[in-house]
């Protein structure tokens, strides 16, 4: 792997989350959470169940509106943007509870991911002129290549709903990659995977980072997080209680307390 | 010869044979469609050719609604309003009502456009609503359009109210009046047959457009929205615009078939555009198979012919029971309603489910492998 | 005669009836998240069944009128409760976990089935309410009010108070609220959600039956299509108040009734004579669309986003 932690430019973060607040009725899901993610790092976001990790994802990807704060991606303000605009700016995600297009094939799922980077409309579709045909075959080719990268080429024509759990998780990653993100946000990608699948996932994420994409990772599998992430932030009850290298976080008393009884290593 | 090459060659022969059988199938289909009105008249009588014409109109309508409900998954219960818009536009621009007599080729595109605009006007404020709310709002919209058609005779007479508009110009194409029997060499072609051919052309056109849209970037976006709207927007699809597009496309199909309907009938009134017409078209696509073009066509054919067949029920009652106990016409909607309920419970995919499953079962390995090969070719 | 206070009274009567029907929509929605399209038809059946009983008993027995009326009322309520129960069992329960579009389509299908069944049974004629309620008129603040109007308003208020107490105080009410909050949790606490759902449908149907009789007795003849418009307007009322919210349905019903009665009175003036009272239904729809677009959570509903 050619990228190294040291060579990153820390003065120019890719994603800046500043003082984000969110509450649901009386429940404070996030309180003044701030993060900075550097270009091309793998950043882990951990915390006990209900800590607010997914809520933060939903806010930075525009699915929920924040009660306050700011989010910037490469200098672009994201709050108050529609989800599809945020994807355009270069942030793509996967979902904790897999949300594939169940009755579309794996290939079509990834092809939908190309939507945001392609342009032909109704007239082109009806006329099927050269530029539309070209674009369409490019979409296909790129989608197939992405499927191949996540090891799903043989399942291209299978309906998403008939894939195994692990395959579905990787298909979601391929679909997100198809949008050409700068930052890829993964919500528990290893959930439901067996150890060997998790190992493959680890390789895959390294490969993705090597291709120049920054990764924000929510994960409960501590071994994966500790091995993979450059830096980690820990949320508990909506507050950031620690941030730093895996070693630092592992030693942190607040983190140990939050995970009391949980297995951190 | 190496076994691989051998296989390739048999594959090639199979393809050749395939291609030949495809051509033959299409030719046969074309021939049947061309002769259908004459065959129908011979076997069932002239009135059935009219039913044939209506079948084609309904196929167009159903394919339009299929874009909205089948592809984009938006339950539109006021779809018939767009049919009404197309029909009234034709009637107003080509009848003594305002003394206007525009040509068909000018009205139909305009009808598609105006209906499309209506679609956008309806969709723009409502498409962010949840599915069941959307259903009710579209239902309300359909009723509003009908109420206006019914009442826009005072203080200014625009629609002629409940009496409707009559003496609508027949459709004329290149000097041929479709209301008149035409003679071609030794062949006598009655008006119903002429309309059949016109409608057939438009139906084929709409099928063509449906197919093209279905296999496009836009079509995929529609289906993605139907499958999971949140995920679709999180994958960069501008769900509002893409849904509006579905509404506009579906509406314009409705507008075209409405115009054709007005020219064909020569008379229209608000009664042709009730909520139940919307429901019947919905029935067609639900029973046939939402999202699948062939299924939708089948649904439209069956449900147009079904009420006609039901008429025999009256004769049988007369024959067997001595009198007509139940007017078969009164049973029509009851049966449609039952069909909706039963099919949703027992066979939600419809008679001809979407081809996706079939495609998955016979995954076309060969094509896929080819494409992958060429992909690696490019990379090298 | 004072037009304003007259329209106020008319609006209150209309609104009470809408509120009773709207409660059925809102209760079912609160628990299942489903719009029971067939609810309007239940109202229609309430009117039809009570008429059938009234006519039969008036013709063939010498029972006192009050008793006949009570029997008709009870009969209609019982019938409608059974109907509500069966609709849920047959058309909705099998689809509880199906995609959203599915129960919506069966609901529409069910409504068509009920409507046409009523047509087969009672025909296409308008059926008027027998002349058994002696009408008395009073003058209040320059407006006419009849004993029937008073009875409708009072009965509606009593029923709503009763329902409110039932939901806030009784075991069934607590179970209903728990199920609406979270069916899984309720099930864990030993509540059988299927029973609660059935009970909800039956409760709503009973109120609808009474409303159907009121419509028939007060507004005029019953017809197999009457449920459609009534249902739609009551649904509008439920949305106006905030669907899923019981107090909202009551408030929404009243507000819609008032809007409609004042609107119908002034619609012609407002549009400069362009629109007559023929457009009254347009009015209700327009209200519905405006609320849904600008405040889909209604007057009292909470704004809740979809959980991702």
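By letter and in written order, the chains are A, B and C; residue numbering begins at 1 in each of them.
The rule is short, and it goes like this: contacts are C-beta pairs under 8 Å (C-beta built on N, C-alpha and C of every residue); 3 or more make two chains touch, one makes a residue touch a chain.
Quick caveat, the model's predicted, so the values are computed rather than measured.
Shared contact partners of chain A and chain C, listed by label, are B. Averaging the CA coordinates per chain and comparing them to the mean over all protein CA atoms picks out B as nearest. Mean C-alpha position of chain A lies 48 Å from that of chain C. Rounded to a whole number, the gap between the C-alpha centres of chain B and chain C is 36 angstrom.
Chain centres here are Cα means. That of chain A falls 41 Å from that of chain B. Among all residues of chain B, those that touch two or more other chains are 230. Counting only residues that touch two or more partner chains, chain C has 308. Contacts with at least two other chains are made by residues 63, 95 of chain A. On the chain A side of its complex with chain B, the touching residues are 61, 63, 82-84, 87-88, 92-93, 95, 99-105, 108, 111-118, 120-122, 124-126, 128, 132, 135-136, 139-141, 144-145, 148, 153, 156-159, 162, 175-176, 179.
By the touch criterion stated above, chain C contacts chain B in their complex at residues 34-35, 90-91, 94-95, 98, 100-106, 108-113, 115-117, 119-120, 228, 232, 235, 239, 273-276, 278-279, 281-282, 285-286, 288-289, 292-293, 296, 306, 308. Within the complex formed with chain A, the residues of chain B that make contact are 209, 212-213, 216-221, 223-224, 227-228, 230-239, 245, 249, 354, 356-357, 359-360, 363-364, 368, 371-372, 374-375, 378. Interface of chain B with chain C (complex): residues 69, 73, 75, 77, 125-126, 129-133, 135-137, 139-141, 143-144, 147-148, 150-151, 154-155, 230, 275-276, 279, 282, 286, 326, 330-331, 333-334, 336-341, 344-345, 348.
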